[in-house]
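Handing you a structure now.
Read from first to last, the chains carry the letters A, B, C and D; within each, the first residue is number 1.
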């Protein structure tokens, strides 16, 4: 809590928490928006003025008509999105590092009524088109012994901090389309991918074949706000009822919508991501020069996975830096750690970590 | 939005929205708590200092050890709570006016994997013990043709604005216990019931036989915050995983916990409810004296259901008052409307409505 | 078991079991068909010659193209059928006496992933069109607080042994169609209804608006065989996968199909039902003349619900007759029992029961 | 159908169908038992004399008290069994070749309400204890981001025709028990494993740590009959209701129980399996001597997976032999086929296949 650190002067206080982009506070703009939305009574369940503006704003950003459902968590966004494109007897194909299969405790399984998540191995979190085709061949449409592949889910930026090119997404989406599958994007860190690519939100999504998008804002500066965005209205049909029965229909929905509007105002979501990416690049650059470190993947977004000597890891922790150990494969010498930057990370914070590392 | 009304002086502006207690803003104390919780980074997924304090605070209020799960909506709280005490082959018995059966689009059906909600008719939202026993006799444990009654869910205050006595709850709970059922309370408006009864939170809940409680705060002044409270730890076992897979595990959970702590600080939740109830009493008293009005139920909490002549309803709406029409049974002359008061309702607001009514 | 009764001569042995039409043996024709199907190896999972013939035979009987799925139980047939027309957020409207809501332990709830069964009260098991409309008005399409009515399920013959006219079914189906609902028929005793009505199978089903039919044969002389019949191919899409994942796809499916073919051969199913109905009429006629008896419903199929004095019930049981007590409402003097006839009931059996009754 | 082959004399007619053990007819003893059970009326839903005998018979065979549920398919048996030991938020660990994950279209996912099947790779269908431990370490109990491992499912004989030793099963079960997991055996071909091992049914199951068993008989000579066997009564609690709502509670249950009793009479199930295994050994021996063939796994039960040159495969098919192609991995020269023997396979059938192969 902030009060514990009141002894430090603000200038000197180094932010040492690289655990995740979900440990940081909400942006000032988001907090102001919440306060403004709190001025008086407003209709419940999305009948409010903030929610009313949302569709037009998002349609403008994505240059495409959209149907939207604001929710509070990324898991809810993913699971609701997937439930619209995967029936209970369906299979959802995804990279085997995907959050939906590794970190949501079966949320898609639950929301779909028991669809099967099929993880496809990859080198760096980016599914290879041939790996997708290979798996699709193993799941023929006319054999009832296996779930029917109806959904492809791609994570952008990936769980390993890499970014798909729109061309690669388009290729994967085309192969899925060849089997009448719909394509979902888990965009928990879509903003980070967009600024890395330097493309438009449209190019990153529906122009590359995405039908439904989970657009994450919580990691990007919101308090708790994500969007399910349908580019294909055929899939959006009964999401209002699915959301209600999942307990994700806020009575005071304006407080979700206001957060989201604040994130989109003046490209805040992209600016926040740009800053987070730059901090990650700076950090990765420093680690690259550190003799004992080995970066596992390209740093294209705001996550770094790096192998460090055990004593380096211990030293960083002793110095107060927070981060997560990651699964270290057999035979790797040292420990894999994950370092995550955010809109809240400053140059001084990165440099402090690198400096601490260099002390060993 | 507040800005539209800047022309009125604050003193003169009458709050005319009696639609629901979920249309009103969050309390100032809640907003301050959110701002304070936003001061710096904090561990995710409930590892924060606010969540750490929560159990002790609630245990103190209820004078009993508790296991807690904060969520953002009442539907989530109810459905998560029920999923712990109703297996897929179970039956959940409740008053047939209950929110869980009438207004949650099948959330309990979803979270339990298809348990059956069995509505029991009542006069005023308060289940009669003999009606419960009658239904239990229809659902014998040894006949697999029917779901097994495993859960009793009671709504306090009821959907019709009435309040169970603890003795009545204890009697119902005892009958349920006779069939090895667990007892849930939908306490979306529990604070209103407690201040009406003048009893302690303990007397209103576990002392009367409640095993698991959905404790509502959103209608009481929070932005979006409810608590699932387990008094019986045997039921709380795997709620963390159920919550995660339902998408209700906030990464920045401190923003739920901080709201809740604010509501409990200095009895704010009870004071807010006391005010709401008082406004409802004042309103009901005025309606009682209005010749054309017929109050359908006793006004014991903050909801009033009243039959008004159609032209009275139209006149109120013309004057800017907002409220919901309710289902009007065959043969009733006039329209049933629901009027809801809250912490945000002022004496002047109530009197303005009554005065408007008297103009006809 | 038969061996216990070898002391009686076959001629004299009275069949005293009126418990249900599911206590009787399979027809000789069904047993012969099973033996014939057992002659040699045959392709698994419906690739066999018997299953290949089935569609043409049923299409001919119903004078309409059909998509078929043989299963072993009526509960499976109903639940699979309903899962195709009721999404998890859907409501299935039915008479509140319906087997799907009263006797299947939540099978439709399970197969649909938590759709809501909404029972509509009636006098005699036959839903009134206005009662349907009233309930539909309570479940508006544009209000996400309630499940969306997507399916109407009608039981023919009804659970009370009465029979809908095709005109009444058409009227109910039309009102459902007005809300874009699909119409299911639980035809566990459809043959009994058809012979009562003297209409064609087509007139009893798709010509009256039925989209999907559970066609029962187990109670009619099969060992364990029912059919899900889709008249509307739009609903049949992925039933093969739903059936597989429900464990209802027999590897040796020929043994289901052979039973069904035997039932349809030479109108056996209708002849069996005609006999069962005639036995019920004879029995009802005798009961009608018995002073202490009160028939609760018209006897139009093969089930009789009758109030008898307690000592009459006891006397029948003492004499070896088997039947079920039914729920006896408050205020009724005596006991409600159910008597069911079947293809296996003989005139002498009926007369023996009536004679025993007259002894009191 | 048999009639097509009436031109052949019975002596000369070679049975050429090696597709599966589910393409063959039911045993004569099973057919006789069905006929005997059909002699007269009998109580429905398991109240019959055959079902009454079943528990004692099975308890005697397994030398342990049991709770039993007869069903018609192996998928139903597996899914019902797993639903008792895997909650919706649970993980079921199994070999990644397991039928439950490869061939049941998500039945366990459906029956459990969305538990996760976690496939563990192996060389030959037999899970390695260390592979199990490795996966368990990846799924810690105290991390709600992943399903909780609650069930281990082992297939005996395995999908590749190999057989676990009881010692290996005991080791795996012990590691599962260390995490409070229950252990299921998919015994679709348990009889084949038992006769291979020369152990007792008890040693093959509960003495090695199995809690619940799916015991297959359909592939072993029944028409359609499998058993869910609970050795641990704690798991059997509400299976009657789960079975009912899954549509697997036969009204005329005696026709399941009678098949099963026939299979157990005079060790028919084991004798049938012994014959099937012997035929497989003979076939494997012949293939081993065939220059172009490569057996992929040891032949310990009644399934053979063999790589044959493409023209050998074509030649066998031309000669009328039936079998399934299996997935042929990249880089394998030829085609993988599966050959399955059964109680119905004769020495002459095996020799005819081998002779045909030698003609090339």
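The working rule: a contact is a pair of C-beta atoms (placed from the backbone, for glycine too) under 8 Å apart; a residue touches a chain by one contact, two chains touch by 3 or more.
Just so we're clear, the structure is a prediction, and the values are computed from it rather than from any experiment.
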| item | value |
| --- | --- |
| Comparison of A-C and C-D (more C-beta pairs in contact) | C-D |
| Most widely separated chain from chain C, with each centre as the mean of CA atoms | A |
| Rounded Å distance between chain A and chain C, as computed from the means of their C-alpha atoms | 52 |
| Chain centre separation in whole Å, for chain D relative to chain A (CA means) | 43 |
| Rounded Å distance, chain C centre to chain D centre (Cα mean) | 34 |
| In chain A, residues with contacts to at least two other chains | 88-89, 104-106, 109-110, 113-114, 144-145, 147, 241, 244-245, 249 |
| Touching residues (chain side chain C, partner chain A) in the complex | 45, 87-89, 113-114, 144-145, 147-148, 238, 240-245, 249 |
| Touching residues on chain A, where the partner in the complex is chain B | 1-3, 5, 15, 17, 19-20, 22-26, 31, 34-44, 49, 71-80, 104-107, 109-111, 218-219, 223-224, 241, 244-252, 255, 344 |
| Chain D to chain A touching residues, read off their complex | 88-89, 102-106, 109-110, 112-117, 138, 144-147, 327 |
